[in-house]
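Paired with chain B in one complex and with chain C in the other, chain A is shared by the two complexes that follow.
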Partner chain A sequence: MLAYITRRLVYGLVTLLALSMVVFGLLQASGGGPLNRLRLNPRMQDLIQELTELWGLDKPVYQQYLTWLKNYVTPEEFGLQNAIPIVMVLAAVGGTFLIARYMKSHWKGGVILLMWVVAIIVSVANMNIEFNWGVSFQGGGSVWDLVFSRAGATFRLGFTALFLALLIGIPLGIYQAVRQYSFFDQLGTVGAFLMFSTPIFVVGIGLQIVLALYLEKWTGVKVFYVAGMNEPGYGDLSFWGQMKDTLQHLMLPAISIALISLAGYARFQRASMLEVLHSDYLRTAKAKGLPRRTIIVKHALRNALIPIVTLVSIDIAFIIGGAIITESIFGWPGLGSLYITAIDTVDYPLVMAIVMIIGIGIVIMNIVADIMYGVMDPRVRYE
Partner chain B sequence: MTEPLLSVDNLRTYFSTEEGIVRAVDGISFDLAPGERRGVVGESGSGKSVTAMSIMGLIEPPAGEIVTGEILFRGQNLLSLGEDEMQDIRGGQIAMIFQDPMTALNPVYTVGDQLVETIVLHQDVSKTEAREIAIQALDDVQIPNAKEKLFDYPHQFSGGMRQRVMIAMGLSCNPELLIADEPTTALDVTTQAQIMDLMLQLADDRGTAVLLITHDLGVVAGFCDTVQVMYAGGIVEAGTADDIFYNPQHPYTWGLLGSMARLDAVQQDRLHSIAGTPPSVIDLPPGCRFRPRCAFATDICGRILPQLREAGNEGQTVACHHADEMDLKTLAVDSSDRIVKQDEVVS
Partner chain C sequence: MSDDRHMMDGPEDGPIVVTSEEHAVDLLEAEGMGVEPVTQWDLFSTRLRRHRLAMIATFFLIFLLVLVLVAPVMQNAGWIDPPTKSLVDGEGRILRNIAPRGASDNVFYSEFVDGVETQVSASSTALWFGSDDLGRSVFSRVIFGGRASLTVGLVAGLMVAALGTIVGSLAGYYPGGVDQSLMRFTDLVLGLPLLPVAIVVGRILPELSFLPSWLTSGAMGIALLLGFLSWGGLARIVRAEFLSLREKEFVEAARAAGASDRRIVFRHILPNAMSPIIVQTTLIIGTAIIVEAALSFLGFGVRPPTPTWGAMVAEGGRLAVRGYWWGLVFPGFALVSTVLAINFLGDGLRDALDPTQTIERK
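Let's turn to the complex of A and B:
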């Protein structure tokens, strides 16, 4: 299995290199030049000079790319503290191996998942590393700082939406499959297609109008805010006050993202559950005389959830990049809105940084998905 | 005569599909004595599996429905039982083995888990005791290293081994009736014989009656006490294995036997099939369902559906208007493999 993961990581690196080259090339080809705007401002001449030197903007494209690449991957700061994440991850890999091999229990998969969540949280909390991703061509701030000041907001929104979508979508799909062709199932199907075919900005703006504007107008109580992440006086509020303020801002954008992925999860879960419900081994389970509940929960669900794992893993990778449209509609200060501005202004250090974060996320989550697959399905072997 | 273990009376199981009502099983009746081995033969689509599923209570509404009939098991009508009571019988008193062992076991649980689950469900034992029973059951079906195999997943077993596991699972609760739906069709020929031997031997040891659905007439001849021949949702002939093989009364039975490869038949160098195809069980014409393919068909065959009546040997029943009148020996296979009367053979 270690050999498998190593090989996947190597493929991943190659993919990322290719991705960076393509995106870098496209940015160069898009024209306009990153410094054009700055040139209009006579006071920026020093900055232009500095950026040109730092990024080698007067050199040929391939040299610019190499400069970027070198800067991107060279850590500026790398403390001894970073040993903790490394040890944590190695321990988790070893633990996974041991548990998968020797633990005999249905909760094996859950235990491994829990272990990884703990390992990753501890790792992130103890990480002390910083890369020189350059300065933004806009205000000249550090790209690294800029990205990480936005990442928190994006994670908050993305994972809330994911949580909502899973919490509702999965049980919905299962219920629909178990009661196939019932009124509820038909309703769910129609609802899902409605959600699919509605553009996200319609959902977002619709929610703003109905749940933020009109709800307040009718009831006189402010339930949801139209935009933003926190009110200006946020810091002075009590803990519960802060909680309330956070939710009042968070729920609308989260719901608009969740509605669409929820529809996807429900459809997918329904299909995978139906397939399992019609399988031979489920017929065997019935023929054994197992009660319906056990058949559904123990025999069907465990199998029907396997394909969802992959879907969710890949979705997590996209969450990392931020929800571009939703963040823009709701004025959410996340990576998505940052990304859009960066593209508009050909701010290529920033664009590259965000694209590569998404790329790295996808590569890692793909590997995670494969590992989870193997944990949940004993037939999968890593070769 | 002893009271039958299973008595099916006028069972009709229909499916509603987009093309219309599929009369998969249409009014069949038969009895099964304790410990009896009964073979069920017939072409594909004749309703053999649906009969088995009906007995097990595995017909799923709304698509499928048992419209009339009685299935008495030890004097109790299974069709009037509630789901809870039926669950006790399924797997406990009536066990079933399916055709494809490759897909019949749940891939994400170990073989031991799946065996123990069944045993705990139907017997009043602890998990530890159930594990002992499971090991014994695997031993009985001659799986080597049963103790370790308990922790293996189904994909680690070959097809034959998986079918052994299914047999172990089916027999682990000492059922009174074992329904085996083409248990060896998916296996290779050498394994087939071993598995069939093993299954019937174990059933014998336990006094378990067996309803064996199969396409393999050789197996029926070798292992079954009684046979019923099914055609388009009905039973066309039933009797002891000897009756059916040495004194068939129905032209369809005769045709089936003719399609059996016989090693001792020197002049018969190829299998002949029965001319024509089985009728669709959606739009059944009135009258005898075999009529379009029958060399003896007359007027009455097109009007009235023949019921099972005694003909041939004692206890042998056949659903044919012309039973006793026909001389099946006059049937022959012509140059284009059709079954015809001998005097009609054009050479």
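Let's turn to the complex of A and C:
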């Protein structure tokens, strides 16, 4: 298993290198890039010269790439206090191996693993570490600061969407499987097809116009806001007022992202539950006269939930992609809308930083998915 | 026919000599026992025809394809308005944001100018779906917008089918070095996040002046891009199919009979691996259409003034805020129903191509 994870990590690193080269090369191929706007003004000649030298835009592409790569992976500030989170991370990784080794068949293993992943994320987030990811061409600010001021918003949106999708999708799929071919099941199937076929921006704009705009026009009550994350007077509100304001802004973009994931979860959960329901050991449970409720909750559900773990991890990539579009529709100040503006101006330090964060997230989530799957299902063996 | 006749008794003077398969069939037919051979295709088409939604979807897609193909002809014949030109009334006023009403010619239609309703006359397809902010007929823009979507879907689909099948079958048939290197490359391509990378390419595509213009400005560049980014999944599936099929007895028999690799792959393995290839390609077409629409929606896809559904939804969203719902509803509906039809067709194909599936459907 250690060899397996190491191999996966190496492949992941190669993928990330390839991703960075492809995107860097593409951005360079566009020619001129960030300075094109300045070129329109003839008096900017000196400034262009200065900026070109400052950012090293006159050097060959491979040199620029190597400089970027070196800066991207080398921490600029690194104090002794960072030792604590690093030790925590190492302990978590070591503990994960132990868990995976000795608690293979137990659900607890999966839960503890999940807690460890959260611990890793929290400790990394609290690490007092800073990278020199360059300076954003458009604003001139540090890319690192810019990215981290926006990441919270994306996390809030993404996790709310994931939570909603799981909360609704999994029970929906289970209910559909238990009442297979009922009217509700058929309705759910058609609904899932419809959701799969609806692009996220159609959902987003539809919700925005109907629930945020027309609902207020028709009823006179402001239920949802059209755009933004908080109203200007947010700081002065009471706790509940802040809560209400947050939800009124958050729900529509979160629902837009969640709806499509939700359809996927419901379909997947239904299929997995049906497979379990038709298995021999369930027939045994039925034959020995267990109550239907016990059969479904204790015998079927536990095994039927395993495959969804993989889907959740892979879905993270989808949620990131969905966030790019949804954030730009709802004016959500997260990484997705930042990415769009960065691309628009070919601000490549910023574009590279965000693309690499997305890539790293996907690589890690895929590995986590495979490990979780093995921990929860003892039949899985790593090659 | 009496029961005792099914014994193949020959004439009194001797046993029958059966010379060929056709001869055997002839003999059976002469005995009144002719059997219609049932081919895989018959089974497939029977199963597909039972799938009502898939059939409706197929007809819808064929209708759409024909409509989109003849759209320029219809425009030349004057049946539909040009998609990129503003419509004007008799007095030269641009017909902005006309609401869709009625379908007969030369009726008065209202135009909203700064919230005030005025009467203008118009006779065009703008009457059916209304007109947009620049006074262009939404109806003809929806039809012409379908050209971009279908081009992207079909070209990307073909490309995925070709690349995925070639890479997957090579990797699956030749284990070892070929398999390893091809699959590592596949992993690499699968590791690229589709939408972020597609946005980057979509953004810089028009600035790549060394490429021919049909590649940089139209749907073709986006189609090739999406095709290149999304063949990984199919390659994995085809490889898995090949790995399992190449160990089957019938392949071993063919090999023992001295068949060449080429014959084994094309005559024995590939036909048996066709069903996942077809189903997966269908689903990829749906995804490609959605991603193209998303790119155009964000402004990094097909460039204006060429109409595409994605860009029309973006524009329509801004108009719908002001109350002009038709700019949003019609392209949105076209997009969703097309992808829905493709997904239903994919579902029907999956059921119809599965040989273990009984002819009955729930």
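By definition in this document, the second predicted complex is superposed on the first by the 324 of 383 C-alpha atoms of A that agree within 3 Å, B and C clash if a C-alpha of one lies under 4 Å from a C-alpha of the other, contacts with A are read in each partner's own complex, and residues count from 1 in each chain.
In this section, a residue touches a chain if its C-beta (ideal position, glycine included) is under 8 Å from a C-beta of that chain, and two chains touch if they have at least 3 such contacts.
In this text the structure is predicted, and so the values were computed from the model without any measurement.
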| item | value |
| --- | --- |
| Touched partner set for A:His249, first chain B, second chain C, both or neither | neither |
| Partner chain(s) touched by A:Gln208 [first = chain B, second = chain C, both, neither] | second |
| Partner chain in contact with A:Arg156 - chain B first, chain C second, else both or neither | neither |
| First, second, both or neither for A:Lys288, with chain B first and chain C second | first |
| Chain B versus chain C as contact partner of A:Asp280, first or second or both or neither | first |
| First, second, both or neither for A:Arg267, with chain B first and chain C second | neither |
| In the superposition, chain B vs chain C on chain A residues touched | C |
| Contacting residues of chain B [partner chain A, same complex] | 56, 58, 83, 86-92, 95-96, 98, 100, 103-110, 117-118, 121-122, 151, 153, 155, 166, 169 |
| Partner chain C, residues of chain A touching it in the complex | 11-12, 14-16, 18-19, 22-23, 26-27, 29-32, 181, 193-194, 196-202, 205-206, 208-209, 213, 317, 320-321, 324-325, 328-329, 339-340, 343-344, 346, 351, 354-355, 358-359, 362-363 |
| Residues of chain C touching chain A in the complex | 184, 187-188, 191-197, 199-201, 203-204, 207-209, 286, 290, 293-294, 297-298, 300, 310, 313-314, 316-317, 320-321, 328, 332, 335-336, 339-340, 342-344, 347, 362 |
| Residues on chain A engaged by chain B in the complex (per definition of touch) | 104, 279-281, 283-292, 299, 302-303, 306, 376-379 |
